[in-house]
Amino acid sequence: MLDELREDVLAANLELPARRLVTLTWGNVSGIDRDAGLVAIKPSGVSYDAMTAADIVLVDLDGMVVEGSRRPSTDTPTHVALYRALQQIGGVVHTHSTWATAWAQAQREIPVLGTTHADLSPFAIPLTRALTDEEVAGDYEGATGTVLIEALAGRSPLESPCALVRGHGPFCWAGDPADAVENAVTLEQVARIALLTTILEPGPLLLADAVREKHHERKHGPGAYYGQES
Amino acid sequence: MLDELREDVLAANLELPARRLVTLTWGNVSGIDRDAGLVAIKPSGVSYDAMTAADIVLVDLDGMVVEGSRRPSTDTPTHVALYRALQQIGGVVHTHSTWATAWAQAQREIPVLGTTHADLSPFAIPLTRALTDEEVAGDYEGATGTVLIEALAGRSPLESPCALVRGHGPFCWAGDPADAVENAVTLEQVARIALLTTILEPGPLLLADAVREKHHERKHGPGAYYGQES
Amino acid sequence: MLDELREDVLAANLELPARRLVTLTWGNVSGIDRDAGLVAIKPSGVSYDAMTAADIVLVDLDGMVVEGSRRPSTDTPTHVALYRALQQIGGVVHTHSTWATAWAQAQREIPVLGTTHADLSPFAIPLTRALTDEEVAGDYEGATGTVLIEALAGRSPLESPCALVRGHGPFCWAGDPADAVENAVTLEQVARIALLTTILEPGPLLLADAVREKHHERKHGPGAYYGQES
Amino acid sequence: MLDELREDVLAANLELPARRLVTLTWGNVSGIDRDAGLVAIKPSGVSYDAMTAADIVLVDLDGMVVEGSRRPSTDTPTHVALYRALQQIGGVVHTHSTWATAWAQAQREIPVLGTTHADLSPFAIPLTRALTDEEVAGDYEGATGTVLIEALAGRSPLESPCALVRGHGPFCWAGDPADAVENAVTLEQVARIALLTTILEPGPLLLADAVREKHHERKHGPGAYYGQES
């Protein structure tokens, strides 16, 4: 069970360079086994080329290493804070992907400009508030989790599957690690098209509400008719 | 005959990721057998890596499934609306390709800024009007076909081979599925160069009429001399 | 001799898709045998994947086909006009490469903003004047050659190895086809960096004259010390 | 020992095209053996495809060739000036990478806009002053080294591992050639995200000081906890 989780988390991490979401060793994916209360996460600063399932570290929900000889990702306290607060999620991804990070650095949420975005989420991609100096000096990575949860403003994490950490970059989540990576891929494309749209039309010209809701509903709502029946 | 159509439609769909026009499972291509009155179209939400000719769905001109175990693309009602209205076309493509989608989201038609565009069409790439809330709530995908046909404003679909759905993305068409994909490839490049041109010169500085017509005529007119004699 | 020229022209044409300078069948390269007075050029509208040396067409300096079963590139009259006027050149390339074409469509010459440009040419990349309606209606492709030569304003074609056809795209030339392609690769990169520079600094902030001359001289001047001694 | 240095310098040079930091033969990497007082550097204008360890040239700290049949990189006097002035560095890279060169041509330092930058350096990426006409006419490449050292303004070269030569392009350095290339890869990504950020928000909105320092410290400071323990 945990071996399978480690394999899934490894595969999801290897998708990051394959999808061109990361440079060098940046970025990390985790997955959780809710029954065991354990999170499998990428080791810190290890090359994707050389990574094997044995490098994936198991930590508990306080971020303490339970199994593995590697040091877990520096961002582990952010991942476990998200798992503690958001019971519906089973996978978390963090990257510095180019276009989403540009929005994070511009300190702007990504408005809903088109149906590509509405297929991912019916809401703007939120931006976290600035951390206080105390939060940075203290448990910096844990506080990053706190502001991500605040940014959700009580919305379902599956309807608001990504957020931008101000001045930093995106986090995405989903029911499992593979879907979290798919959300990260989609977010990057949404961020890219939105930035190019903004060059043409600084407006922003928001997508009409009816179309925004329709696209989200036809893919994710109770009467969804996108994809094959499962 | 229908087997060949399915193979052609499969091959045309596989060109979309190969030409980097799609992310994940987004985008779809269809082709029609006018004699049989049947349209072959991509299944909804199926990975391009795993797709075979058996996954291609046959529907009639009302969009009802005639053959195939898969659910057809969500956009099927748009495709069949185009085939019903435009007798000259034999293939339709829809993508969320990056640069064309940026123009669609900026809610701007693409003006004729250069000969690359004039080689594709002597007209601006039109933008559909906004759907009414009633159209969105009702037969949303069928209404998308309606506004695409309105956007053509009576021009020949072979002279105006692409249009942008407002806030959504491009549709292209041609005599067969392969040529429709070629038009989608060309549109994406036209959209990209046009956006970069607009950064340098917001004008827009339209291409001189004589050159615009010359380029279209030398490639597509009665005395065309581009390409090999067929 | 002519067989070798055909092979060189084929190889230079195949560099265009390899270097991502062309989409579909756009773009063409030619080379000349000055002794024979014959130009080898790409056939019109033939896929790069399928092209062989036998497809390369031989034409005389009036653009009449001397050998080959294919129709030569539509742009052949432009190529032969350049060879007739510019005795020093042995190869010509035309593309619709993305970033150079954006400058052509913006109807702006590319100013010398950095040493990358100065390594290619000490001059701005010139822009042709608009063609008259008469020129477009008459020998359009020949007139394109005429305005390219006018754009050189008497400068050596080896010091001014590229020019932009207004609303169309770039032409480059050099002593042989391979070097002409190398100039087209360099121009595209120069055009790209210049456009990105212009986003940051619309100025333009021209490169200091002394540096501009130094870079051109150290690579191409009589005391050049870039590269290996030949 | 020197054979190993040559192999390391070759491998680091080959990373430049692999990481898409160079076009054609542009760009060069060197490494130093401090005990021998010798620098291994790329030959000038040689294709990366054909380069072997035997092509790597050994020069002394005055830039005089000690071993090798090739002419060393034109930029050799800049490299040796850096090694003479900065005792902590063991590798130097110069490229014309697209996005960093755009900042150099815009004659602007790259401000610290996000944590991706802070992970590389806690400081803006500095820009060299303009060379005087005398410096250009005299030892141009040596003077380029002089202004790079001036741009560091006394900061540690390992904390300020890259700088932009005005109107030219970036230089990066590190403890060895491989790490210098890694810094060049990171700089290019930092420059790209910063330029895209600037499109959205011309501000610039600087990263909060506390976060800027935290990110640098957690990766490079005395209590660093990024990566595996060495």
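For reference, chains read A, B, C and D in written order, and residue numbers begin at 1 within each chain.
Everything below uses one rule, namely that contacts are C-beta pairs under 8 Å (C-beta built on N, C-alpha and C of every residue); 3 or more make two chains touch, one makes a residue touch a chain.
None of these values were measured; they are calculated from a predicted model.
Relative to subunit D, the most remote chain by averaged C-alpha coordinates is B.
Interface of subunit A with subunit D: the two copies contact each other largely through different residue positions, with under half of all numbers used appearing on both sides. Here the CA centre of subunit B is 46 Å from the CA centre of subunit D.
Subunit C and subunit D have CA centres that are 32 Å apart. Annotation for subunit A: residues touching 2 or more other chains are 199. Chain contact summary for the complex, subunit A toward subunit B: residues 113-116, 182, 185-186, 189, 192-194, 196-197, 199-201, 205, 207-208, 210-211, 214, 218, 225-229. Subunit A contributes residues 23-26, 43-46, 70-71, 74, 96, 98-99, 101-108, 130-131, 133, 136-137, 140, 167-169, 195, 198-199 to its touches with subunit D in the complex.
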